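Both complexes below contain subunit A, partnered by subunit B and then by subunit C.
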Partner chain A sequence: MEITAKPTGKEVVLPHYAFAALSFLALTILLLFSGDAFVGHYFHPKLLTLTHLAVLGWATMIIFGSLYQLLPVVLQVSLYSDKLAKITFYFLAAGTLLLSYAFWNFAIGLPLHLAACFLVIAFVLFDINLFYTTRRAKTWTIEADFILTSGFWLLATGIIGLLMAINFSYPFLKESHLHYLKLHAHLGIAGWFILLIIGVGAKLLPMFLLTHHVAIKKLQVTYYLVNGGLLLFAVDHLFWHTPYQIIYGLLVGTGLLLFVLFVAEAYRSRVRREQDAGMQQSLVGVGLMLLPVLLLAVVSGQIELSEKLQLQLYLVYGLTIFMGFITTLILGQTFKTLPFIVWMHRYQHLVGKQTVPQPKDLYSDKWVKVQNIVYGAGFVSLLLGAGFASQRWLLLGSILLVLTALLYVVQVFRLLWQAIVK
Partner chain B sequence: MITVPVPPMKINAATKISALIKANPEVIEAIASINRHFTKLRNPVLRKILASRVTIADAARIGGTDVKVFFDKLQQLGFEPEYISAAPGATTLAERPNLPAHNVTLDVRESLQKGLDPFNDIMNRLAQLPAQHGLLLINTFEPTPLIPILKKKGYRHFTEQKGPELFHTYFYPYGEASALNSNAAETVTTAIDAETKVETSFESLVQRYDGRLVEIDVRQLEMPLPMMTILETLTQLQPSQALLVAHRRVPQYLLPQLRERGFAYAITEPAPDQVQLLLYKDE
Partner chain C sequence: MNNKDAIFIQINDLLKQVLDPEIGINIVDLGLVYEVSVTEENEINVVMTLTTPGCPMGQSITNTVTNLLTRHLPGYTVNIELVWSPSWDAGMISEAGQAQLNGSDRQEESEEEPKSFWNRLF
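Moving on, here comes the complex of A and B:
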């Protein structure tokens, strides 16, 4: 019985972190020049660019990279293919860049089609790698269920995106673009991001908190609530068109609440009392997952609002997701995972042979704290700006986020540099 | 619907129940209907663990019935019984041998009732058996599936029927020496290096290093401090010593490091979130 998993090579994992950090910086800089888009409609080329840069270049990219490193730890098996992971990276990177270009310039012809194809290819390849890796696992865990299912939703999201891209040039879809956009967005958010965050978080957060045992009953219920809610939503949205979509949102929301309670339980029985900046940020991120759920009641059309206010609240809703918990969790988890990965490649083999630093010595926790505070202030300013359609708050928010990204990029590249030099 | 195997499968007293089920799943219901001893077969988990270890002869004895009853039922499903041997390897409930004076008692009736496999529990108890002790297994039937497995691992057995559904079975080592080397729990794996792996009992290894063990507990440490502590402690270890580590999980990244540094390891997981590692110089 082979019980050890070969760690994934650094040349597979680290480029993802580099690309993601640069995407985040690019995203915040573009945000700085997109104030006008935030007072208009959300189907605005600039907003489409920002959103896709956030979800693909920033979030999905770093998730792919860290999953290649984490899966062997979670499932105790080696990654199915390092080579496939590298090819996936190129398709995702090229697709993201091309898609951002296509949306920003609203070049909805060939550039958009190509970008969408690249991305779907990247998702298919990722799913193949994920599927064959999980198939090697000898002990099946609930975390593996979450991660594997999230890969499926990612592909579904990508395919809907591709169909919409084709529909721009050769209209064939029955309903309006906004109709499919809603489906595309929610499958991506709840199916890909939320399921994945729960799957990975359920494993990593107790591990970093040094919590010895947390009952997984809540997670099992969460799994069925989120997937059930999503499936019903997708079917209803495509075929039934009932006015009860808020119920599916509530199912997903309840699932999320249970996950938050799971983390709270792990936190209460933690052995490690003091949390570093990365962990503080991550815990805030888990709490922030509930914010869009609260807003869901407002944006789902249950409450009568003026059209202008409705659009502003949609933007706030989007911000609480992409700039809210997803970004918060990545900002925090980067400094829990990356220092460890760098340490593993650079120092692990030297332990016991010479004095070696610990992962926490490879970066400055103080600067991560500063980054978190600047980010928090920027996020709140952005919410105010979008909520009250105030250019001034939007500008302040984007400046603070550019600063956040600069602090982040410097720290990440300092870490990456240590992995490269011998 | 009754599916007849073509050509009819020949069976005898030594045919495994699992082979019958594989040939025709309706065997499950047919046997379960013989008497209530066999209703356990309807439980997929118990079926999986029991059916592969039990022959028709074993089953007949467990159920307190005759092989012929089985053959009659199976004939209806198209099997072709051959009355050749009686019950190969059958244990006669004969005279009582010299049993160990002290026994560790394990009652598995409740876990079987709940549909759980007591196998690992039994193996763990055996692995932790104090010297000069035997294991007294209390069960509702003679534990036929277990006997050949434990025989291979160096255990004698003796079964006494105490009541209509009460069997006392004693398992005890053939001798001190053989017991030490063969009472392996199946969950224990020892890797001497990546290629050759030898199954040895975790306990027997710990006993081998008795008095020369260094113990550390890394369960309260944050990653990668467990690994750093272990590797640093290993450098201070005398060649004759071994390191016993209390860990929270099987340390994936540590194991290749150990091989590289010429250490062999044994791992046991007595409970979820509890892992014990024994690290010793590879000879």
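Moving on, here comes the complex of A and C:
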């Protein structure tokens, strides 16, 4: 008998979930006090704090943690190093906290430099672990391509961030910060988050839906469209400076559309007809990936708009990404992964010897549904608030998102507690 | 019914008690058990697969099979062979399994309208 991959230890995976849940709560609380920042330019200390807390403390943290658990499932090999994963966690956590402090107080000297260094170290260590884990894989899949490439883009994003942090104190970059911010943001969004979501989603979503074989042709085209679009965008942005950047955005957008069609095909041929709250939320998240693509024309400057409206729409664009599909997918996938991780560590060894609960019994699906509804209402309110520069809608959206985060934190920590107690 | 048939029925019933923790249906109806044989030397050989080779629940499922069969059939040695060919596909789920999966123990009810708003909508 041979089990091909050893699951990663709980002491590696679970701290990531805990840190991410607390970051999400902190993010929504800070959002509550940042309404004023949503009626101005996006290069604002509060917005920089919120964005980085969202992408690092919330999204990247939980992605690292769940990836350590999921890589053995996707690649059918054990994680290269649990120790390296733990060290990576400390660097990512310290870097995120320090960066949030630096941006909120606009302390652009040593705190910012140190934070950026910690984060780049975290990304290098993560990539080493990812690289050596994928190298062990006996069979190579398109999902592995997506995941490995996303690691490369994450490091590129971090390095640009580090250069920008240094440039604050010792200016050496040719163009303005906003110029590099655009590159930094889009490499992170499309290169890290989107590629990773597609890579993991392509494996997990059909698996959770219990789907018959789905052709991977669309995924292969998606891989080249997203990477090609991103690479052309980066080169153009740095060297060519043509007015055709919308084309690169459309390449990435077409890739996303193909992924959405892949998931739709998997959904149509599913055997499991009823979906739980986690899966419903995840599928909504996949659909929401198309929302920022629709706003691409605005952010790429193809449509003539007043400066004020354009800035508002920039904020809406950012929200559709960070608080939109990324948050939606995490909220949903947490309850498709964490209960099983907890169950494995708490009950696996007792199966067959005594009656044990099933993973779905470890949390309340009803409360996840409530959380999803509150989140949906909060997200829409926030979009309206940013779009119409309305403080009332922003406040309502922020309150609803704090409630969402509280519901999420309670459920996540209830699960984590079950994994800790003997 | 001879003794051998009775043993096979008992093994089948025991294997039907083993649930895949993620999917929530038993491994027989899920189509994970490919072959069961019992030798003259009182060895029970179970040839089975997992939903995916990297399945994190794999160890749990195979341990449960071993524990249950050993406990209920004490005179027998249990051997489990995990195979990946043919690879498991959702099409291998039996009709009874599909009925369990969709919240009904009776096959004819599996065609009923879904209950929740989401599942009615999509």
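Miscellaneous remarks
Going forward, the second predicted complex is superposed on the first by the 419 of 422 C-alpha atoms of A that agree within 3 Å, B and C clash if a C-alpha of one lies under 4 Å from a C-alpha of the other, contacts with A are read in each partner's own complex, and residues count from 1 in each chain.
One rule holds in what follows: contacts are C-beta pairs under 8 Å (C-beta built on N, C-alpha and C of every residue); 3 or more make two chains touch, one makes a residue touch a chain.
None of the values given here were measured: they were computed from a predicted structure.
When the two complexes are overlaid on subunit A, subunit B and subunit C occupy overlapping space and clash.
In the overlay built on the shared chain, the residue A:I303 is in contact with neither subunit B nor subunit C. Judged by the touch definition given at the top, the superposed model places A:Q69 against subunit C, while subunit B stays out of reach.
Once chain A of one complex is fitted onto chain A of the other, the partner contacts of A:Y267 are limited to subunit C, with no touch recorded for subunit B.
With both structures placed on the common chain, the touch criterion links A:I420 to neither subunit B nor subunit C.
Between subunit B and subunit C, the partner in contact with more residues of subunit A is C.
In the superposition on chain A, A:L110 makes contact with neither subunit B nor subunit C.
Touch criterion met: A:Q275 reaches subunit C, while subunit B stays clear of it.
After overlaying the two complexes on the shared chain, residue contacts for A:L178 are found with neither subunit B nor subunit C. Counting contacts by the rule stated earlier, residues 1, 3-5, 7, 72-73, 76, 207, 210, 212-213, 271-272, 340, 343-344, 348-349, 351-353, 358-359 of subunit A appear in both its interface with subunit B and its interface with subunit C. Listing the residues of subunit C that touch subunit A in their complex gives 18-19, 21-24, 51-60, 62-68, 71, 79-82, 89-91, 93, 98, 101-103, 110, 114-116, 118-119, 122.
Interface residues of subunit A, counted against subunit B in their complex, comprise 1, 3-7, 72-73, 76, 207-208, 210, 212-213, 271-272, 340, 343-344, 348-349, 351-353, 356, 358-359. On subunit A, the positions that touch subunit C within their shared complex are 1-5, 7, 69, 72-77, 207, 210-213, 267, 270-275, 280, 283, 340-341, 343-344, 348-349, 351-353, 358-360.
Interface residues of subunit B facing subunit A in the complex, by the touch rule stated above, are 189, 191, 197, 219-220, 222-225, 227-228, 231-232, 234-235, 248, 250, 252-253, 255-257, 260-261, 267, 272-273.
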